[in-house]
Amino acid sequence: MNHTYPYFGVNFKVYPKTIGTQGLELAKIVERVQNETGTNFVVTPQIPDVRMVATETDVTVSSPHVDAASPGRGIGKVLPETLADAGVAGATINHAENRDTLTDIAKKIERCAEAGVDSAICVDSIEMGRAVATLDPDALIYEKPEDISTDRAITTTHPERVERFVEMIDETNPRTKVLVGGGIRTAEHVRAAFELGADATGAASAISTADDPYERLTEIAAAMPE
Amino acid sequence: MNHTYPYFGVNFKVYPKTIGTQGLELAKIVERVQNETGTNFVVTPQIPDVRMVATETDVTVSSPHVDAASPGRGIGKVLPETLADAGVAGATINHAENRDTLTDIAKKIERCAEAGVDSAICVDSIEMGRAVATLDPDALIYEKPEDISTDRAITTTHPERVERFVEMIDETNPRTKVLVGGGIRTAEHVRAAFELGADATGAASAISTADDPYERLTEIAAAMPE
Amino acid sequence: MNHTYPYFGVNFKVYPKTIGTQGLELAKIVERVQNETGTNFVVTPQIPDVRMVATETDVTVSSPHVDAASPGRGIGKVLPETLADAGVAGATINHAENRDTLTDIAKKIERCAEAGVDSAICVDSIEMGRAVATLDPDALIYEKPEDISTDRAITTTHPERVERFVEMIDETNPRTKVLVGGGIRTAEHVRAAFELGADATGAASAISTADDPYERLTEIAAAMPE
Amino acid sequence: MNHTYPYFGVNFKVYPKTIGTQGLELAKIVERVQNETGTNFVVTPQIPDVRMVATETDVTVSSPHVDAASPGRGIGKVLPETLADAGVAGATINHAENRDTLTDIAKKIERCAEAGVDSAICVDSIEMGRAVATLDPDALIYEKPEDISTDRAITTTHPERVERFVEMIDETNPRTKVLVGGGIRTAEHVRAAFELGADATGAASAISTADDPYERLTEIAAAMPE
């Protein structure tokens, strides 16, 4: 596994201030907070930018997408091998805005393992999490689509669900890490996530659209476990 | 329009020897032939590599994919703005291995125009070409899916179709450039393409899997119009 | 062409009161209004119900979906031949909730023509309409996705767009019929549609979720051209 | 659960001789063999034909497709409620030619349960089977895509895989039934399927394209367990 836990993930999505060189600036802010606080961060830039961010910062980089493809004839596919070559440590699979077939989830987990890229699969229920856990992914990202881009973090609205999710993984596949996301905005949300047993947490809009991401990240860093 | 015509396009697809730093080496071979011969080339690297190739070579770079997305919440999408920021000049749309909805073709053409990226839409018939030409793309790529990765170039097997395609564009939207592809492998195929009226042509496997791409590209350069 | 123009279309979608035998009851109400008023109607039931409605009523039946498939190995595909065998006169293609690739739109138009089923392609702009018109469909359905299930009928909010759409078809492919939809609810909306040059119009929620569809349809029939 | 086990399934797919009234004739041949031999059959006609076959024969009918939709605005969707109203007992989900997202597989299982339709999910490996078994489907259809339409039945080429699949279900969710398919053509294939522990088996091309389906089905019936 490439990722070091615990960590706080910053998903750039395709927000305006994360495009290209502006995205690199945001990654450098994350790097600065990481250096100042000792907190472990992971950034997820836009696909055409992952190599630049991995090359020009010390922050661990994850890809927002990977395809179930193998080297060969395909076009426009994001190969895990190309991500690995670019210095990318992991890839997000089955995001709520881009659902994968079960066949592709299984193949992506396998292909990522072959290429040395950590696989992180998004699920929105304990049932889906249990199903995917049988396929032995490196991580599960537990988030409710309806919480994304809101301030209703599941860690405070439904803490018991997070606890049950963590218990389910402990029973079925303790090797798999659990990241809790969706509406995470405040230091309190972050603290709650780790108290409930998560291995990682993260945010997208809360950082990518923040007026002062440095300040926000510094607050979050203070809430992270050592 | 960013592209200069005529040109010969080299599509890396996801062939093994085009991954990351190996892909950059291939792009540098293209650059060398471009410098030695004065022929105009365009390379289409893998998505995570487009910025690196655009930064580290003088060859015009095109993206194998672009999404119909706008800056905002989306994840894993390839924005035309991010391609432009990366120094990418154009994007391939509706490739035979990745067909787009008509709605998305229309939106991609519009979004590429807004971001300053040339749009090139793949079509496999004169009828499809005529339909897409009404949407005013910068270029059409006319290739038969069944010719891809073979040596049956349409320029020699069905030259009359290429002529009729070029005539159709001249009548309906003369601003739109025509690239003829699919099975292009030899200097003879290339010469035929331009004699039939194409503005550009190109290849994928013929270069990306070649034992000596430098030699192959030099032969092709000699067949290009001045 | 199987359809007789002008007509008013009643699209059942998958509203609760249109399921199976309840859908047949709704179709019989449409039949009754057709018989009483002499107005020409077309109903679009749910796919598993098209044969029953075509067999047990005299109303013209259209399918809400058809696949770009040919007889053979495929599974779960809706063949135009099977629709024709079931007595279905037409099929809706590229609906806003189910967009098709351009390749499939072209193939569906061709396959429907082979099987003797009228093709009706949904488009949401004059530009998309012009592109599809080049593929020679039997009909275009012009509706804005944002108007669907509202009471903002384009015929009253933007009558000039309907006029320009009709003019565009008259210039490019006068054989193709134009149905205007999206938010059509009242006799006034219907009257406006035909005054603006439409060949047909129709509704989904306005009838399928109406307390008294008989009354609503009778009002609409009175607004139809003779 | 609507289905009675063991059974032999006849999947019409969209083969030419299964369209509409010809498909009904094939279903009546299945019914005749069922009546003569006492063997339990299930037929899977084309979607527009399921109601007719369910109404006009005594054979249990399954649908080749169901959507993850609920009654409401959608168009062209196959609701489990509409299938139930049509007398359909079950539905095939995630067929190799039409893979579903994991989210949709979970939702389809749930929606089918709500509507009283048996859910049968296609999987091509023990790993995928284990993942789906956690979602509590009524049945799993274990078949290799590469065996479909061949005569390489997994029951004779890899009997140990079938045994391990059956063991996996016995351990994880013994309520779920196992149908083994893909390349099943002969009485010997059928006998092997049940000896290896399958609850059901079936065929598509072996019956749908047979010169004499009556004869073929009678042979198969003789190989079925009592």
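Chains: A, B, C and D, in written order; residue numbering restarts at 1 for each.
Heads up, the rule we're going with is that a residue touches a chain if its C-beta (ideal position, glycine included) is under 8 Å from a C-beta of that chain, and two chains touch if they have at least 3 such contacts.
Remember, it's a predicted structure, so these values are computed and weren't measured experimentally.
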item	value
Steps needed, at minimum, to go from chain A to chain C via contacts	2
Those chains which touch chain B and also touch chain A	none
Magnitude of the superposing rotation for chain B and chain C (Cα, nearest 5°)	180
Chain D against chain C, contact positions shared by both copies (same if over half, else different)	same
Distance from chain D to chain A - Cα centre to Cα centre, in angstrom	39
Distance between the centres, which are taken as Cα means, of chain D and chain B, whole angstrom	45
Between chain D and chain C, distance of the C-alpha-averaged centres to the nearest whole Å	34
Residues of chain C whose C-beta touches two or more other chains	none
Touch-based graph of the chains, sorted into line, ring, star, complete or other	ring
Pairwise chain contacts under the document criterion	A-B, A-D, B-C, C-D
Chain D-touching residues of chain A, taken from the complex the two chains share	94, 99-106, 124-125, 127-128, 130-132, 134-135
Sites on chain D touched by chain C in the complex	11, 13-16, 19-21, 46-52, 63-65, 69, 71-79, 81-83, 85-86, 88, 92, 95, 97-98, 148-149, 204-205
